[in-house]
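The data blocks that follow each hold one structure.
Two complexes come next, and they have one chain in common, chain A, joined by chain B in the first and chain C in the second.
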Partner chain A sequence: MSIYGFLHRSALKQLPECLNEAGYRCIGPRVREGAVTFGELTSIDDLPRGVGDEQRPAHYRLGEREDERLFAWAVGPQGLKSWLFTPRETLWRSRRDDDGRLYFETGSPADDRPLAAIGVRACDLAALRLQDAHFLEREPDPGYRKRRAGLFLVAVDCTHPAETCFCHSTGDGPACESGFDLALHELDDGFIVHAGSEAGERVAARLPLLPVGEEQEAARRDQQRAAIDAQQRALPGRNLRDALFANLDHERWQAVAERCLSCANCTSVCPTCFCHSHEEVPDLDGRTSEHLRQWDSCFTEGHSYIHGIVIRAETPERYRQWLTHKLGSWHDQYGRSGCVGCGRCITWCPVGIDLTEEATVICAEAGDD
Partner chain B sequence: MTDPYLPREAEILERVDEAGSIFSLRLALTDPRARADYAFAPGQFNMVYLFGVGEVPISVVRLRGEDADFAHTIRPVGRVTRAMAELRAGDRLGIRGPFGRGWPLELAEGGDVVVITGGLGCAPAVTVVHHVLANRERFGRLVIMQGVKHSDDLIWAEQYARWREAPDTRVLLAADQARPGWTGQQGLITTLFDQAEFDRGRATVMMCGPEPMMVASARRLVDDGVEAGRIWLSMERNMQCAAGHCGHCQFGPRFVCRDGPVFHYPEVAGLLGVRGF
Partner chain C sequence: MTDERKPRVAVHKFSSCDGCQLAFLNLGPDLLRLAELVEIVHFAEAGPSNPDADVDIAFIEGSVSTPDERERLRRIRAHSGFLVTIGACATSGGLQALRNLRDSESEWREAIYARPEYIDSLAHATAIREHARVDLELWGCPVDGRQVLAAVRALLFGVPPVEERDKVCLECKRHQTVCVMVARGEPCMGPVTRTGCGALCPRFGRDCYACYGPAEGANTTSLAHRFEGLGLAPEAVARRFHFIHSGQEPFTGAGNEAAGIIPGKAR
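Let's look at the complex of A and B:
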């Protein structure tokens, strides 16, 4: 029987302490520059206490709440992705000696301590599984594998979805069902805690857990129901591959491109987008050079460049590449859609393009579930 | 665990200037054990790194078919390949690879082999010709068709002349624009198809070159009675990692670097020639 109990709000501070003692470096949601993003946690006081959010297409604002809740907001622009698939990383360094001989060495991660992430939402757990499939199956990526290997996940059920959220329609939330070490469900006076792995059991065993009362169970069910009911958006089906590829000439691609700035905000905030480019940065001394990788986007001109040709020179082609990949080709590549319903691409699109609306129009006559 | 991103040092043993600005580099890994172990399948590619400048994917070939080690034939068109044009014998490069899926040479055994190439597309297909000629008894007729935009673009004229003399081998050349004295056909590559004698039912076709040329050729072949399942083609896309991670080379659901660069025509026929993919 896995550990399941109630943790009083005042006792949550013991969680990062337990994790630190177990050798983890804790990260979690923090308010930074007007947004909730993941950062290093030194104590539970770093969490966004009494913070709420307001999101809609092209709109994100934080506000104050009248309670002490720590997780009463929907996902901010960045969750876990940047901690595992780093925005910029050295892949190798090379050196050339006076005789022109070359020497290569692997780039190494800055901090080897395993990470514990507190406050991961169900959509981001689903996105993590997809990033794992991309970076670990077939040819494992050394840097990603190293950072992923020790990761401890403290998930939190989403109780306050944003207007842009649609994880219920993709089947990825709002409650966390698997893929975590510990899961929390926040109530007014504390948290229902549930261990999901052996590592999670070991940490949970050190927390002062109380039995979960009937009222608390009822409150949790009500909150979960409300979080589903609050979601106003939905994709028109879980597998839109055939519908999208049957509509490559749909007039909507042109119409959406007239609004799209090709700015790549959507791919930057998307928790599953994996494209990255390689860049060579030679040192001024002429003897050493670094080979980096950094996040890239299918909305850039360089993404499809090949010996003098740009395959996707126009925005309609770029938007179509993004959507047919995200909601279509992912099924062939990784057995499911690449969209987890987090809604970030809608909130952070500067012109408020709504992927669920575009997909609905383009797939109007098809789409299964 | 080996690091798929780490290049190995290679030395340029020989540089050969081909037609126009095109040049070939014959290379060997400098570590003796790595050099002895290095093996590639025809149709695969290496990531070739120039110190301080960057990496590019280039098809692996053997310069004259029988040399040890490996070679790359390069046309200076981008930032990295233009810098590579300055390279000389004795210079060093970084090499990752070989990567990807090569030509289906075993599947082709027992039947005729048709090699269709366009532009510099001949480089990856040259290895097919070398393989068939080195194992002549395992294959039927060999038909080589090469199309170029202008007759001046033809590289390896001597090689084609040599292949013309090989047993049971036919070489057909076409130039869209031809200089006086051009002995090949004038027109697109498909104008050669009527002259090409091969068993439409049992031949294996391998193509490499510009996509419009491959689309037109594949459709014409299917019309002529060649099964789509007997046609293979080599594709090019932006490739930066060669590990199926960076995402640039995606063609619909395929990662060209890992699932290709050689594809079975039915795998890619749906999107081939569709603008933007």
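Let's look at the complex of A and C:
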């Protein structure tokens, strides 16, 4: 029987304290540069109390709310991706001695303490499962594996989806079903807490949990229903592979490319995109060198460069690559679509290109044929 | 490099503010290490003056804006193995190329100088590549010391330097900077601008002003429309594209289109 109870709002401060005592470094949502992003938490007061957000294509603004809620906003530009698949990482260093012998050493991790992330949404839990599939199966990535192994996840049900959200249509939210250590559902006066792992049970056992009342259960159901009803966007299906690949010559690819800046903002904020490039950075003396891995994107020319040829030189081909991979060939690779409905690519596209709209137009014709 | 002779390097100045030469001087300890690896035979701002020496690598700062500079560049090209332009002026004409837009060189000269007859300048201020073969261009206003050192290191290895052509946005996101355009409505040039600066301006909360010039595949038309959507007047949109690299397509055309300028006609 897993632990399930109600935590009064005033007692939430004990959660990061418990996690710190258990040896975790806590991160959670904080307001930084006008957005909610994950950052180091020193206390519960760092959380965005009474902060709301307004999102639409190419637009993100924070605002004040008239209540004390801590999680009454939809996801900001950054999920868990940057904490596990780091934007730039030294994979190894090499050194050449006077006799020409080469020596290699692995890149040093910045902080060895395991991480506890508070405030992870259902879409980001789904994205994490996809990143795990990419980085941990077959040839596990050592850095990712190490950071992932220690990760403690405090999920929070999404009660305030943005105009750009569509996780209900992808089946990934707004409520957190699995894949967490602890899950919270925020109500006016506190949180319904639910342990989802043994590590979660151990932490929950130290919190002053009360029984969950019938009214609280009803409020939770109402909020979950409202979070689904609030979503205005949807993908036209959960498996668009055949529809997309039947439309590789659709005129829409050209039309969207006239707006697309090929700037890689969408792939960078996407919590499942995993493309990266490698770079060798030699020291000036020519004896030592750092080998870096850094985020790349199918929207760069280097991404499709093969020995003297850029395969996807133009934007229509790059946008098509992104959409047909994300919503199409991802099914062959990982058994599902690569989209978790977080809507970040819509909000953070500088010109507001809407993936759900593009997919709907491009896939509509397949049904007509 | 195992031969006994150190590669010889020159740093030349043309029409410019000297800021890119300062990028060399600001390298600090790396400048001393550089001086151990190469022989700096000409760098007037730092001391050595030997403008006509034969060199393996010549760095050139500044645009060509006088007949004398045109001639001097011919001599440098003839005496140099690998020619690298550094900074906005050398790669696109820089700020001084703004005068090309109005075809009014004589008008400016009369308005600015007390004794305009002493000024001997060309009708247009232009990039080095308009006058001589250039082997590598390092962009930026000013250039980034890291890029300069990486180029020297690659040439010492005998390999072509890696060219950075992606947009600023990708680097901005690697730094997890919050987008100043989406979150604040700033008219950021990052989506069309070449990377290399480390997304310096957005990381300090301001919009990119495109000092590294156009990135590969820059969609200036779409970004100009977006700027209009953010409330910028046509003249303001034109200034965004013409500010540092008015002499470089597609920025020249994008700015002209926004301002309704017909090339070659003074307004």
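Here are a few things to note about the model shown:
We adopt the following convention: the second predicted complex is superposed on the first by the 364 of 369 C-alpha atoms of A that agree within 3 Å, B and C clash if a C-alpha of one lies under 4 Å from a C-alpha of the other, contacts with A are read in each partner's own complex, and residues count from 1 in each chain.
Everything that follows uses one rule, which is that a contact is a pair of C-beta atoms (placed from the backbone, for glycine too) under 8 Å apart; a residue touches a chain by one contact, two chains touch by 3 or more.
Everything numeric here is computed off the predicted structure, so don't read it as measured data.
Of the two partner chains, chain B is the only one that A:E317 touches; chain C does not reach it. When both complexes are overlaid on chain A, the residue A:T300 reaches chain C alone and has no touch with chain B.
Contacts of A:F245 after superposition: chain B is touched, whereas chain C is not reached.
In the overlay built on the shared chain, the residue A:P140 is in contact with chain B alone; chain C does not reach it.
Applying the stated contact rule after C-alpha superposition, one finds that A:T37 touches chain C and leaves chain B untouched. Of the two partner chains, neither chain B nor chain C is touched by A:H8. By the document's definition of touching, both partners, chain B and chain C, reach A:P282. By the touch criterion defined above, A:R101 lies against chain B but remains apart from chain C after alignment on the C-alpha atoms of chain A.
Overlap of the chain B and chain C interfaces on chain A: residues 279, 282, 286, 296, 302, 314. Of all the residues in chain A, the ones that touch chain B in their complex are 91-92, 94, 96, 100-106, 134-135, 138-142, 145, 245, 248, 274-280, 282, 286, 289, 291, 293, 296, 298, 302-308, 311-312, 314, 316-317, 320-321, 324-325, 328-329, 331-333. If you check the complex, the residues on chain A that touch chain C are 32-35, 37, 58-61, 77-78, 82, 87-88, 258-265, 268-269, 279, 281-286, 294-297, 300-302, 313-315, 347-348, 350-351.
Residue ranges on chain C touching chain A, taken from their complex, read 30, 33-34, 37, 149-150, 152-153, 156-157, 162, 165-167, 169-170, 173-179, 181-184, 188, 190-192, 205, 216-217, 219, 221-223, 225-226. Contacts from chain B toward chain A in the complex involve residues 1, 3-9, 30, 49, 51-55, 75, 77-78, 81, 90-94, 236-238, 240-241, 243-248, 250, 252-253, 258, 270, 274-277.
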